[in-house]
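Pasting the structures here.
Two complexes are shown next, each including chain A; its partner changes from chain B in the first to chain C in the second.
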Partner chain A sequence: MDISFNDLKFIQQIGQTLNMEERIKLKLAILKIQEHYTFDEVLFWGRVEGVEKDYYIAMGIQYKGQYEFPLKKFYWSSNNYHFAELPKYNEEYASRADNLREPFTGQHEHIVFKTEEEINFEDSLDIPAQLPAKHFSELERLSYVVQQVEFNCASIPVGSYRLTPTHELIRKAFKGVKAELKNYQHFRVPTRKDKQDLIARDEALYREDFLDSLVDDTPNQQWSLQADSTQRNITLRNLIWPGYVTYNNDYTFGYAYFGDGIKNSDFEFLL
Partner chain B sequence: MEEQLQQIFNSKYKNKTLYNHFCELHYQMQENKYYNAKNLADFEDLSNFIKENRFYHVALKSADEVNNLKDQAFPWQEYCAKLMQLMQFKAKQINANIQNFLKLNTLLNIVGYGVHDEDAYVIQQCLKQIAQRDPNISSVRFWGKILAQQKDYFVIEVTLNKQIKEPQPPDCDEKLNEYVHYVTQDLLEDWALLPQVTRNQMEASRYITYIFSGNLNKNITQYPYFEGKEKHLLKAQILRITHANLLAPRGLYKYEDETKTIGFEEEFKMPESTELATMDAWVHLPAYILKQGRITFYEDPSLKEEELNQMKESDPEQERLKSIKDDKPFEQNDGNWLIKIFGETQQYTGNSDDQQPLSYQVVLLRNFLWPGAVTVSNTNEYISVYFGYGLKNQQHSFNPLAPKDVQEDPEDIDEVPEPNPREQPDELEPDSDDERRREQERREAELQQQQE
Partner chain C sequence: MLKEKLQEIKDSNTNLYQHLNNVLTKILLDNPKNAFELFEDYSFQVKSSGFSFDKYNEFDNAERTKISMDQAIQQKTLKLVNKINLGTDEEPQEATQTGYLPNLTEEAYLYEWAGIGIDENYKIFKALSLLSVTKQASKLRFWGKIMAREKDYYIAEGVANSQVEDGELPPEVEPRGSGVNTKSYWACTDILNDKDWVELPLITPQQINVSRQIKYMFTGNLEADVITNPYFFGKEKHLLKAQIVRITQSTVRIPKGQYILREGDPREIDQTPEYKLPGFHELKTLNDWMHFNTNILNCGRLVHLIPSELPDGVEPDIYQKQIEAADPFENRLKQLSNDKLPNNKPAWKIRIVGDTTDYNPLAKDTNNKVNNGVIIIKSLVWPGLVTVYSNKVLSQLYYGYGFKATTNHFYPKQPQQVQTEQPDLPEQPEPNFPAEVPQQQQD
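Let's look at the complex of A and B:
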């Protein structure tokens, strides 16, 4: 979501918003990210609610010079509005992290679960030192959630971006789309064969829907597409990650996550 | 007449006058040997042919385009008309207590919840309209929004002066249906009244986890069986959420044991905001719903006393106006409510000593068990709303309820071969006990004789 926060009215359709203090401080903090690393665009990604404190996530996107898909970098901050880069999570514990249901506490050093790592010192001649086991902290859990939501949910309307002949993504003049699921696509490196083929054959340059379509997501009912009374302000929500919203109207589009960071793993049973 | 004809002939399209076109047509009709005019259609064909070749052809509009001109009208027209109608709604006199949602929404926005200002204005108009619908209405408030798969539900809660007596099975509780709800899926459309809920439905709704589809008349296919459509389940969930989350500051209401009613306390002063930020200062306003699906326990006359007593013990009633501090704590937290303070926390002390220090801070109370239910308050006012899917916070993975045991087959009776009169049985059954005894004695006597 753009940091002018004009688009908050779409998020207010699920009852969440940012108050004045958050908006002002986030705007300044996100602009500060540009001091260390210049991006083409720095956007506000979302807010993960915790018990004591909340986490704010920002995303920097670099389009130029990136082949096939722009580079995304994530930054996190707590209530102190000071953004730091989001570290990578330990991939071995990804499946355990997927099933967690406890709310985020807000303390990023909080240990979510203890891990046992074996440290082999066979080759070392020194006396093996006692390395403290690196437990799975809440910051890693946050990193995992952000990556999952971004991979599974982040979507944009068809016709918003185009692929240039040098395979860079550029933003097009956006005119709005009809409220149908086939008009939305994932904002990630294409993983499905048909889209990868399109790009390999260079046919993607002439098409608007060259990224993975949402229609092929299983289960299909996880996407809830709704328009408000004007029929022009459209929000696309995900039910497996409640709190994720992609929105568009005739002038703008974007997406954001406002939720508690807990996956709705029972989704299939709730229909 | 002449002039009009001249005018028509001189009408131009792309630098070609009608007169010129007719000259061309005339020329072609005479010169072109392929042209055999049989009817007016052929004449039209020639005319079109000439137009196309001279590059001033205009394609005729298809029937669809001409008939459906309405669709090409301004697409927002309907929306603007409805919105205008809603905005201009003025009530002559409203005898009900309507929540000032427009103002309270700004309070919600300060804590990070709430709707957009434009929507809040429309909702306020809707509140007024609903108050007009029934002269029995005593208070109206915006309950919140239940998100659904296809289209969300906006809900308004209403309390009545006099209860509508609807025919209900005898085990239902009238008090449970005290709050009446209206829903709509589009703020500019009509609001529908949700039906009253029975005890069975209330009991079953505790075990069902379901994301609403958005269609009020959809049949619910879940286990355990819920008799009713989506609108009944919606009403049951809304009632559960209200009864668990509607809060009031302590001391505003008083409960009279004899009449079993809630009334306003005579003198009430909203407590200071530092006090409001503790769980002590808030109480549950509506009654607690039993597992049975009622507020007061129902003594089924067909059940025995021991069974009834057992059921009563496992399902105790709770006192009215209970403090939220005594709510069952959620997981490792103390208590079920998260309290956060927003806004300006500076305390301003007035010049005189007896004045309470003033603070503009806003207190947020969030329910852990029902994520999405919030109560927000500052020193002047408070509001409770719900924004969510209508689901409890499940800490364990969903485990479907096991179906009841299947009835086992009854035990088989011993099978004996049927007596056939043509075959003599190996052993003749004695007819009576006496005979059996005599037979046995005779057999023993024979045996003894053989041994000797």
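Let's look at the complex of A and C:
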């Protein structure tokens, strides 16, 4: 969401918000990210709550010069409001990270689980040297959660972005959509074949639903579309990652994650 | 002249004039940078997709339905906001007496410091006042919001009007006003509609026990069937009440020392005489807080049930001791620091936010310093439960889906094995005795 934090009223529908101190400090810290790498847009992505401290995530998006989909870079900070780039997580342990249910502690060096990796140097003649195993730290878990939520949940209304003939994404003058699930699409590189075909044939230039639609997500009931009592502020929530919200009003839209970073893996059993 | 000329050059669906209109409209709408190169492409696309500029509703906009919908909603909102001032129903009446209702708008400011946002708190507050008047409920407060799949529930807690009759209840159900049914809860999905507040029904111990074993995501419809294994006897409103009661019983917190155990009956508590709510510094750690409510026992009630007919030869006192030994009470007024989750992790997290400097008070003769810091305690067992304390205001709220934090994956209990039927015995022919030969009579 935008760092003017005007959109916090949408997040209040799930009962989360940022207090005054957080808003002021985050705004300054996020603007500072631009000193190192100039993005087209720097947005506040969300807050992952931990027991002792919370993590704040910011996202920089670069549209110009990117073919087919803008570049997204993530930054994290703890309560000291000093943003650093979010490192990549070790992919071998991704599936184990998926099933964790304990809350984040807030200490980013905290070891979530120990890995038994031995790295042997093969060109050493006598005794293979072993590097100490690099355990899966909480920072990697954070990185994994952020990537998962962004991939599985990040969504925008149809008609908000357009693909230019040079295959760049630009934002359009957005006029609002009807509150139906089919009017939302994923904000990621299209993975489904029909959308990839559209883009390959260049037909996507003329359509506004050229990204993966939310309707095709399985299980389909993971999306919950609700409006507040004015029926104008619409939030689209994900039930597998509770805390994720895409919000949309007539003229504004955006998304954010405010939660504890734990996936609701039992979702299929709850229906 | 030119227009008619162009209109004469026709295809089956449209004519050239129409087509040029459509192409130009599309180009204007899309505004591509290299429209010149793409002109033929656009023409081809418009022909194949059948775009027509006068039927243009690219965004599925429905602007007009929105405006009429708006008017209906504005009417309802006005009605809600004005009703309590003018009295219930359309005629203005004298303002009726209502029970105590905490000022939600002020508390919302405290919750914002905790990171909990209450949307539309003024409307909720008005809806609660209306509830208090119409149902004559006292001690009403906003309990929280339980999120569900289609619509969210706003929950209010209070004590219902004593004139409500429940009829005959089975003996193991604790009657209204005692045990798990002490407080009444109302749920509503649409705060603009004051008739929507539904009182949640009384629950049985069986329902509490089953709710401990299942994990269910609410749909937003109070009358929905709850289909789980083990079977839950009741509708969604019963399960909702059961979850609310479980959450409340295990998480209401008060500062240490506000209540003391009653002598002679250690399960009852009394308010400490001459107690003043402590200042900021005395409540900064988990040790300074304690539980207020009793725990729900394993049997699903707050107090053990002594059946009216005891087995022979057993004294009532001994029987009571036996039951209590089997299903022991937990101590009342436990400290929060002793609570632990099953995997030995802490069950609460406490934070201090806000401005924590001590200010000298305005009046020169008091010694108490003023501190505007906010103490936040969040539960890790029932994520979403928050207690805030600042400047002598203590308040509690729940915002969540109604789930307990679990350390293991949830597997629904397997239904019991259906045993195979015994194979039928093969049919045998009926034994046919030969016709009886009458015995010869002896002379």
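In this section, the second predicted complex is superposed on the first by the 265 of 271 C-alpha atoms of A that agree within 3 Å, B and C clash if a C-alpha of one lies under 4 Å from a C-alpha of the other, contacts with A are read in each partner's own complex, and residues count from 1 in each chain.
To be clear about the criterion, a residue touches a chain if its C-beta (ideal position, glycine included) is under 8 Å from a C-beta of that chain, and two chains touch if they have at least 3 such contacts.
Model, not experiment: these values are computed from the prediction.
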- Message: Both complexes share chain A, so when I overlay them there, do chain B and chain C fit or clash?
- Response: clash
- Task: Classify the contacts of A:Asn220 with the two partner chains as first (chain B alone), second (chain C alone), both, or neither.
- Result: neither
- Query: Of the partners chain B and chain C, which touch A:Pro242 in the superposed model: first, second, both, neither?
  - Reply: both
- Touching partner for A:Gln34 - first (chain B), second (chain C), both, neither: neither
- Task: Once the structures are superposed on A, label A:Ser265 by its partner contacts, choosing first (chain B), second (chain C), both or neither.
- Result: both
- Message: Looking at A:Val51 after the superposition, I want to know if it touches chain B, chain C, both of them or none. Which is it: first, second, both, neither?
- Response: both
- Residue contacts on chain A - larger count, chain B or chain C: C
- Determine, under the contact definition given at the top, whether A:Asn183 touches first (chain B), second (chain C), both, or neither. second
- Message: By the touch definition at the top of the document, which applies to A:Asn6: first (chain B), second (chain C), both, or neither?
- Response: neither
- Task: Between 38-46, 56-64, 182-190 or 434-442, work out which stretch of chain B sticks into chain C after superposition.
- Result: 182-190
- Common interface residues of chain A with chain B and chain C? 8-9, 12-22, 47, 51, 99, 101-103, 221, 224, 226, 228-232, 237, 239, 242, 260, 265-267, 269-271
- Task: Within their complex, state which residues of chain C touch chain A.
- Result: 26, 30, 32-34, 37-38, 41-42, 45, 49, 58-62, 66, 69-70, 73, 77, 112-120, 123, 145, 147-152, 190-192, 215-217, 343, 345-346, 349, 353-354, 380, 383-384, 399-401, 405-412
- If you look only at chain A, which of its residues touch chain B in the complex? 8-9, 12-22, 47, 51, 99, 101-103, 221, 224, 226, 228-232, 237, 239, 242, 260, 265-267, 269-271
- Query: Which residues of chain A touch chain C in the complex?
  - Reply: 8-9, 11-22, 47, 49, 51-52, 99, 101-103, 158-159, 162, 164-165, 175-178, 183, 202-203, 205-206, 208, 221, 224, 226, 228-232, 237, 239, 242, 250, 260, 265-267, 269-271
- Enumerate the contact residues on chain B facing chain A in the complex. 75-76, 79, 82-83, 109-116, 118-119, 122, 144-145, 147-152, 186-188, 209-211, 213, 331, 333, 338, 342, 368, 371-372, 385, 387-389, 391, 394-398, 400
